[in-house]
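Alright, structures below, take your time with them.
Both complexes below contain chain A, partnered by chain B and then by chain C.
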Partner chain A sequence: MNEELIAELEAGQTIREQPFRSNKPIVGPLVAWFRTVWNGISTRWYVLPLLQQQNRFNHAVTQATQALLERLDELDQRVIASDRDATQWARTFAEDEYRLRQLEKQIARESDDLAQRLSRLEEMLAAMGLERRGESD
Partner chain B sequence: MRIAYFSPLNPIRSGISDYSEDLLPHLADLVGVDLFVDGFQPSNQELAGRFSTYPIAEYPRRRWDYDVALYHMGNNLYHETIYRMALRFPGIVVLHDYALVGIIGSMTAARGDRGGFVREWGYNYGLEGLAHVRAILDGRMPLSPDEPLNRRLLDISIGLVVHSDYLRRRVLATCPLADVAHISMPCVSRQPRLLTRQAARRELGLDEDGLYVGSFGFIVPSKQVEPLLDVFAELLPLFPNARLIFVGEPLEWYDPIPLIEQRGLADKVTITGYLPFSTWYTTMAAMDLAINLRYPTLGETSAAVLRLLGEGVPTVVSDVGWYTELPDDCVVKIGVGEEMRADLRLAITDLLSTPELRAHLGQRSRAYVATHHAVQKVARHYAHSLEQFVQRIIS
Partner chain C sequence: MTRGSIIVVSWNGEAYLGSCLDAILTQTGSDDEIIVVDNGSTDDSVTLVRERYPRVHLIENGRNLGFAGGCNTGLRVAQSDVLFMVNQDAALRDGWLEVMCEALADHTVGVAGCKLLYPDGWTIQHVGGIIHWPRAIPDHWGYGEQDEGLCDEPVDVDYVTGAAWGFRRDIVEQVGKLDEGYWPGYYEEVDYCFRAREAGRRVVYVPAAQATHVESTTLGQGSEAFYRAFHRGRLRFVLKRLSPERFLRDFVPAERSWLKEELVRNERLAMGQVYLAALLMVPAIYAAREEAGLPAFDVLQQVTEALANLRAEVWRRSSSPQASGEPGERSL
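So, the complex of A and B:
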């Protein structure tokens, strides 16, 4: 689409002087010659600078449009790259979260295990205390 | 292991609902499973009684209770909230369809969000994709229904489950580093009682001496409806007692009735419309032959074809995608190019005129499905793969 647009702008950016023509039989060449001469005397000196100014403007617009479209492509590319990066980050974040879930579970398991061992130790200590009291009695 | 399970379920009328209902009781024998659903309650009382079911919107705050999320993804709006959740809280995605253009187009452009649709094309195909989608939106190019548009989901998911090597290869071609498990689709017979062909025909009011050819599932152009009708019409002089039955309903945008009438087949071809499973199985039992073609393929595995094979119905399929992976002695495969009509003509002629060939195919296909698609085996494969996915993430 962009290439088509630029090609269309480039094809039409330069306005050229058109030679006068006449289709009238016999006198046609005379009419064209007269118009050319008259244009040279009356309007050419006035129109030609306008034509050149318009051409400079058209050329500048074509170049600016091309630059803008290229810039737009760059921006699109950056947006796409950012979108893909964000997706990768979201995945990495998700993987970290899954690791965290497993760690949390592991900590919970180990904490249960410690609590059970502690409880067994306390029972053993209590039993030993009872035995000592029994001995002293 | 405890998993959060996201899938449509009945009363949502989808093949994936049936799939999950077959799988869930067996999977739950091996791992803890809770269900997350969007705006419905499972109509299956066994599921409703056995599983804790939560609205999908509760998953964000409950997610720490689970080792992993399992998302069942298909190419229609039944999966919209599942898709959104799979992007927000990535997990394991079961890719039932490779092409997701249907759901993504429905969620974006069809709701006036052209920018959202354009963004997906950019994500998938870069600048070329942007130019392409703008041409589609301006009506200068057609939109292909088999456009994948799945790269975002493939990139973000921590694991993928597919049902064929064909799909596995396609996924890896797009995302070479993806963690992909190929798990066979489960096939559970829902036949409440064994019926002979004659008994099934009596029950359905069909001619006991007729030759019945069925095409099962949704009626869509990719089932090659027109070539099938053409070939069937051509072969009627050879098999005057043959009847063609489309067992299923057309999608709302496709009307096959004019195609049947144009060919003068109105009294030879029937469309049943949607059938409950019991009648569906009775209809399968009544068939001499099934023809379930598919081209182009969206990368799907056909539950309808597996059910046909599981019930021992001799079946003709297209030689494409997952169908190519079916053993040659279980199905008859036909080409998808110019040879399609000639292949189809030959296959129907051979099968309708040779009962021994039909019986042989039926026996082989029944044994194949019982061996490779048994739901207990599939559930074990799921449990093992989920464990592996999680281990690979945390290691």
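So, the complex of A and C:
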């Protein structure tokens, strides 16, 4: 797309003087020559400098547009690269969070298991204590 | 004991709120409760309610908790056994409350929805809905058709829209409140209806209860914010409902095919952010799968990779000129 735009700008950036022609038989070349000479004299000091100024401006616009489009492409690439990094960070973050949540659940399960074993142990100790007391009685 | 509690969540809805509350007040008595939960409006919604509707119980959240957050605030204070939620841009037609209360008197029913018409009062917006899998695309029955009596039979549906709906308190006790993860809105009611059905309760469409609804006034239909909220909700719903295996096998290829289509510029811009948000949602959603069992870590990695690839696909499409809404327009 950018290449097409630049090609179009380059194709139309230079304004060229058009050669005079005449279709009249015999006198045609003379008419065309006269118009060319007259035009050369009448436009040399006023229209021609304007034409040259316009051409310089057109060339500058084409170059500036080209530079801007290149810069835009470069920025696009940088944004895409940054976005890829951001996605990667998000993935890492999500995966770490999941590991953490898995660990939390595992710890909670083991903690419950430990609490149950402790409770059973306490019950056994209590029972043994009662038995001892019973024996000593 | 009150007959019904009607909760209206408001957010910068001054232009519609008056009509909404007027319609509610014409059909409620002293045994009904009306609650407006304001989600931090910056317009004059709060002043309007305070000055013109002294009967209304106004709760100011002070910030935008989203539609689900606003509803849950209302549910926490509501006294009735029958609970209704009405959008600020909806206007109930006469008899709505009575018919809905009758429908919810049936204990097999968990959630009830009504016939929603566009403000012209003639064009159908919603008469119950269906979800198309695997992409979880919602479809409103009768959408855009003229209301000529074709949708006047009560019927069980996949879901009813949250614009004007109701449920029994016992369903809240059974499945809990709305999921506030659907912030700022969209799909929370779909999620709720699926949870209710999973719990063995019916979700019914009640045609005799009717209301008009402007639709998408909060985020603006077609805006980037609208697409972001809509698809964010859709991805959350998909991640919650589909097993990781089905997500990878069915959802991802279908989603990739859809991304290859010509999306409007705002939708494509939104999708990049949506996949990133979805990626960050995955750990909490999968960790909450107690009954189904926690997915293995490598399965989670495959899911995050798939979401990252979908995001890359958005970028890839965005960089090509034909991806934009206008010919030759740069889409990003």
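Operating definition for what follows: the second predicted complex is superposed on the first by the 112 of 137 C-alpha atoms of A that agree within 3 Å, B and C clash if a C-alpha of one lies under 4 Å from a C-alpha of the other, contacts with A are read in each partner's own complex, and residues count from 1 in each chain.
Convention: contacts are C-beta pairs under 8 Å (C-beta built on N, C-alpha and C of every residue); 3 or more make two chains touch, one makes a residue touch a chain.
Remember, predicted model here, so these are calculated numbers, not experimental data.
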Check your understanding: After the match on chain A, would you call chain B and chain C a fit or a clash?
Key -> clash
Practice item. Report for A:Gln54: first if it touches chain B alone, second if chain C alone, otherwise both or neither. Key: neither
Check your understanding: A:Arg99 contacts which: chain B (first), chain C (second), both, neither?
Key -> both
Review point. For A:Ser42, is the partner it touches chain B (first), chain C (second), both, or none of the two (neither)?
Key: neither
Exercise for review: Report for A:Asp83: first if it touches chain B alone, second if chain C alone, otherwise both or neither.
Suggested key: both
Check your understanding: Stretches 44-52, 134-142 or 206-214 of chain C: which one clashes with chain B?
Key -> 134-142
Check your understanding: Both chain B and chain C touch chain A; at which residues?
Key -> 1, 76, 79-80, 83-84, 87-88, 90-91, 94-95, 98-99, 101-102, 105
Study note, to complete from the structure: In their shared complex, chain B is touched by residues of chain A numbered 1-2, 73, 76-77, 79-80, 83-84, 87-88, 90-91, 94-95, 98-99, 101-102, 104-105
Revision key, fill the gap. As the complex stands, chain B meets chain A at residues 64, 66-68, 87, 89-91, 119, 122-123, 126-127, 130-131, 134-135, 152, 155-158, 390, 393-394
Check your understanding: Quick one: in the complex, what on chain A touches chain C?
Key -> 1, 76, 79-80, 83-84, 86-88, 90-91, 93-95, 97-99, 101-102, 105
Study note, to complete from the structure: Within the complex, chain A is touched by chain C residues 272, 276, 279-280, 282-284, 286-287, 294, 297, 300-301, 304-305, 308, 311-312, 315, 319, 321, 328, 332
